[in-house]
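The first chain written gets the first letter, and so on, giving A, B, C and D; residue counts start at 1 in each chain.
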């Protein structure tokens, strides 16, 4: 029927060893994994893996480290269900998990060369964007991009992910970082209070040479896009990474389908004009 | 250390506990993974030191409440098993009658000896961790929950209707045979037990989330039931659900 | 349409010959209906069946299919490929088209699903021309006749069958049982049968056809009819599960009672079910029944059109038959195009 | 000699349902000796009113999980009786086969899992697993075979699905029946032979106690009755089941409020021993031989021997199952459409023998096939009085033993009746201070 078929199962993961595990918040943890043979994942920022634990299941998780970081990859996982809770509670450094992927298209960063970068991250949305942020900020790549703006919002002051790194962004002269919390529950918090859209007016970007990249909870997209449009942002310069339910990661199981696209194949990264054509995307 | 497991019963037929005892082929394997420390139907000893409490039966009297609260304090996981415990089961039918009238109807002069109140499921009294519905529970599902607990995975009871399992099995639909069936609005997990035996689903596992009850009643009446009988049909097992109470 | 002639006896011969080396699956009677089952003898087969409860795809992509076997303590897993040779016998043209869609779906984008393909490569398909029954509407979706996708196609001509050859394997088989080549007259009869079939199809789209139904769908995405169906649809998923071209699945792990060995399985899933598009954050991307129904119907007539170059509905009518409230793609299309 | 003692067993274990034993001994005199049932009442007879006939058996099946096949059968028979419907021969044969399955599974459960630990000095079947694994495996296998039978004929063991008013929704195939027959012949019978040996070896541990009482069971001239028959009594001869009320007089005793039944004496007994005492001559050959070997002869007045009668009946059940299977195979399984019922106003009674004794359902229907009145007579109810009278006779006889031994003996006594108080159809709670 079809020539040149791989004799492998699409669903068979390879093993990776957990080499770091660190708690960020009550719900989110940071993990570092390595393959025993030292090989790289060879991913693009914005891609994801299917993380697999035999007996428990599989879950798609964004790769949070930049491909410029060699020999390992990082994930940030929120405990919501079977796989994610098991990873949090039952597995420790030294344990193995299954990895399939990387899957998805990832960010077309070649196209971003020469542009200023505006990152808009809501909550866990920082996980996939961090991969691209760190790629952009990597000393070997930094000169390929212009200014870097990072907008990052959380529910409250207890919810920051990658706190140390966020501090380092705040301290970098070549990055403008803006933080906000939805609700101020902590008197130590001196920064902005309000949803992430309230940060956008504060940023002085040049709409002619800036790429906006958005990732966050589903409700966020519409409002961020609206706010960017208010600032005359060009639609084709707005990119977003979408979340959908996924079971296979290889364009078969159908759960991630939005109209005629499968998010795991054509996404999870889309530019706004494409998203506009999809009726159920945001 | 092996997890310590306890079974408790309230107003019930004890068929759910029996379903556990009836797992002859698996029983020896199960007891190799757990310590059963409380199982009145099968053993004399009893202990208050347990991790997992399976509760059968519905709550029908004052006396049950402190007992349940104690169980909640002792156990890490409280898991109601069976329709009685999860939704009141057939016992809930009592609530559709006038309480005093039904007491006197059944016990006449001796009715005064009964303290009884409207039937309620366990979760109406204490918080529960998850439920295994069904009348009786399906041993396969019970086993799968136990296995999940043992390996540290959150057990999952399906949120799709019995129709799904019925179709997966390739059964002839009951409506095709001129019989009625509640499979389209009833939570799956039983393996479409009744339809697979050529008998319409009676809804013993309770309704799925967001059941389209009006449409289902229309289906039942089109199949020949009166509206009254169609509602009665839901009340065999699913009286507890808001959609049916009304 | 050059082919061979099979009398009832030679058909029996053929099946018996096949049963020696293959698991033969064919339509048999099941209570009030028919279904594809492994047969024990030729006489089990009901050549006069209308449609089966489940599509024959269940032998290529089973309702529950083991993908991997694993051992937790060793973190080891092995894929499971089923290579049992199977004959799918008596498939109507719509189901043959359905399998063609699956062939594509499971090998698209360089993602070859060996679990499906291993079964598919070991399957022989013997088709059977049919007449319409109460629910089907193949002419509206262009699946009335199968041009390919089979090894042999049987067309009734009186007491015998014209066996059309669809593959080398099919041809060899027919030669092995020494079937006689067909004559001019046989071919005429077969053509007559087919045009008779076409005439008998009464359920059809009123205003659109297989290639324009897609534009209709795009125009009517916001039509109020979808909302009307919200009231009726039970969101039971039956329509998905009986469809020959639904291939969505869920994946679940099951461990053995020793808590160490286990299997990763895929199970048919359906986009009509409430959790299908619901994610961990609680967001449900198709929360309402009407949205899910619109998704399903669009998936059949619109969303996948570009990939498959045709509607993915094959007009078998199973979904209508399975639906207790008789939600019917034909009625929907006709209502939308009114 | 104990002069003062209080025994208060809260929740007798290893029985179906909840029951308490209370014994007060003061100055060497038994002051109180009570068997109280504390099961939460569930009001089946109340809430079955208004139910359509098709749903009735399914609801009342939930009276008791362990006797659910019996309840379903009795219910269906009462309904068919009310409508004057006569089931087909195939249906009756299948129902008998199904009852055999229930008898076997329940008796094996009771003798091996609930009663045997007492004889082996253990507190539960789990405790005897390490020491008696072979026996446990044997019992598990036997029980599985019985449950497989129930699954095959009834669709499932607990709350059967296939058995409905008018017939069966789904029939076993002939191949399935042949496989079952083979299992019964090659596995069940040999395992039961061994069972007889096991219990023969336990005979010396069975307390030597007896008290004359009236035994009541279904009787027939031609077979050891389970499915149908007349009411039979060791004291009062025989009567049609429709007259059941004149025999099962329910009454309330002053010191307790449990509803008890009596006929000719202060109490009566039903169950395996009652059936044996009335019908022993009709036992099938292997069961007869087993009774002989186990020293069980009618009339036996030792309630502890009920366990032995259960062993004997287990063998009978398998022999009878084989007869019913042969009947089905000879006739060939035929699809019979479950008929629609000729609905009519009126009363119907259905009585069957369940493992614990005679079970009677009595319904009155209206014209539209909805229940207007229902009454269920549950075996355990009928035994209640007998249990207490046994206790009253037993306690003085064993008063010189240590308290825990007395307690165990009393618990064993209660357990020997295999009471299924979860039924609680008619149970009255005792408010006991």
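Simple rule for what comes next: a residue touches a chain if its C-beta (ideal position, glycine included) is under 8 Å from a C-beta of that chain, and two chains touch if they have at least 3 such contacts.
Computed from a predicted structure; not experimentally measured.
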> Which chain is in the middle, if each chain's centre is the mean of its C-alpha atoms?
Replying inline: B
> If you tally the C-beta contacts, which comes out ahead, A-C or B-C?
Replying inline: A-C
> Among the chains, which one keeps its Cα centre farthest from the Cα centre of chain B?
Replying inline: A
> Between chain A and chain C, what is the gap in Å from one C-alpha centre to the other?
Replying inline: 39
>> Using mean CA coordinates as chain centres, what's the gap between chain B and chain C in Å?
In response: 37
>> Rounded to a whole Å, what is the gap between the Cα centroids of chain C and chain D?
In response: 52
> At what distance in angstrom does the C-alpha mean of chain D lie from that of chain A?
Replying inline: 65
> Hey, what residues on chain B touch two or more of the other chains?
Replying inline: 151, 198
> Residue numbers in chain D touching 2 or more other chains?
Replying inline: none
>> Where in chain C do residues touch at least two different other chains?
In response: 72, 255
>> Output every touching chain pair, sorted by label.
In response: A-B, A-C, B-C, B-D
> Okay, in this complex, where on chain B does chain C touch?
Replying inline: 26, 29-30, 33, 143-144, 147, 150-151, 159-161, 163-164, 167-173, 175-177, 183-185, 198, 208-212, 214-216, 218-219
> Residues of chain B touching chain D in their complex?
Replying inline: 9-19, 21-22, 24-25, 27-28, 31, 36, 39-46, 57, 60-61, 64, 89-91, 93-94, 96-97, 101-103, 105-107, 109-110, 113-116, 135-136, 193-194, 196-199, 202, 229, 232-233, 236
>> Can you tell me which positions in chain D touch chain B when the two form their complex?
In response: 11, 13-18, 39-47, 49-52, 55, 58-59, 62-66, 68, 105, 109, 113-114, 117, 123-127, 129, 136-137, 140-141, 143-144, 147, 155-159, 161-162, 164, 169-170, 252, 257, 259, 422-426, 428-431
> Contact residues on chain A for chain C in the complex?
Replying inline: 1-2, 5-13, 15, 54-58, 78, 80-81, 84, 96, 98, 217-219, 243-245, 247-248, 250-255, 257-260, 265, 279-280
> Residues of chain C touching chain A in their complex?
Replying inline: 67-68, 70-72, 75, 77-79, 81, 103, 105-109, 111-115, 117, 120-121, 221, 247-253, 255, 262, 264, 266, 269, 271, 276-281, 283, 285-286, 291, 295, 298-299, 302-307
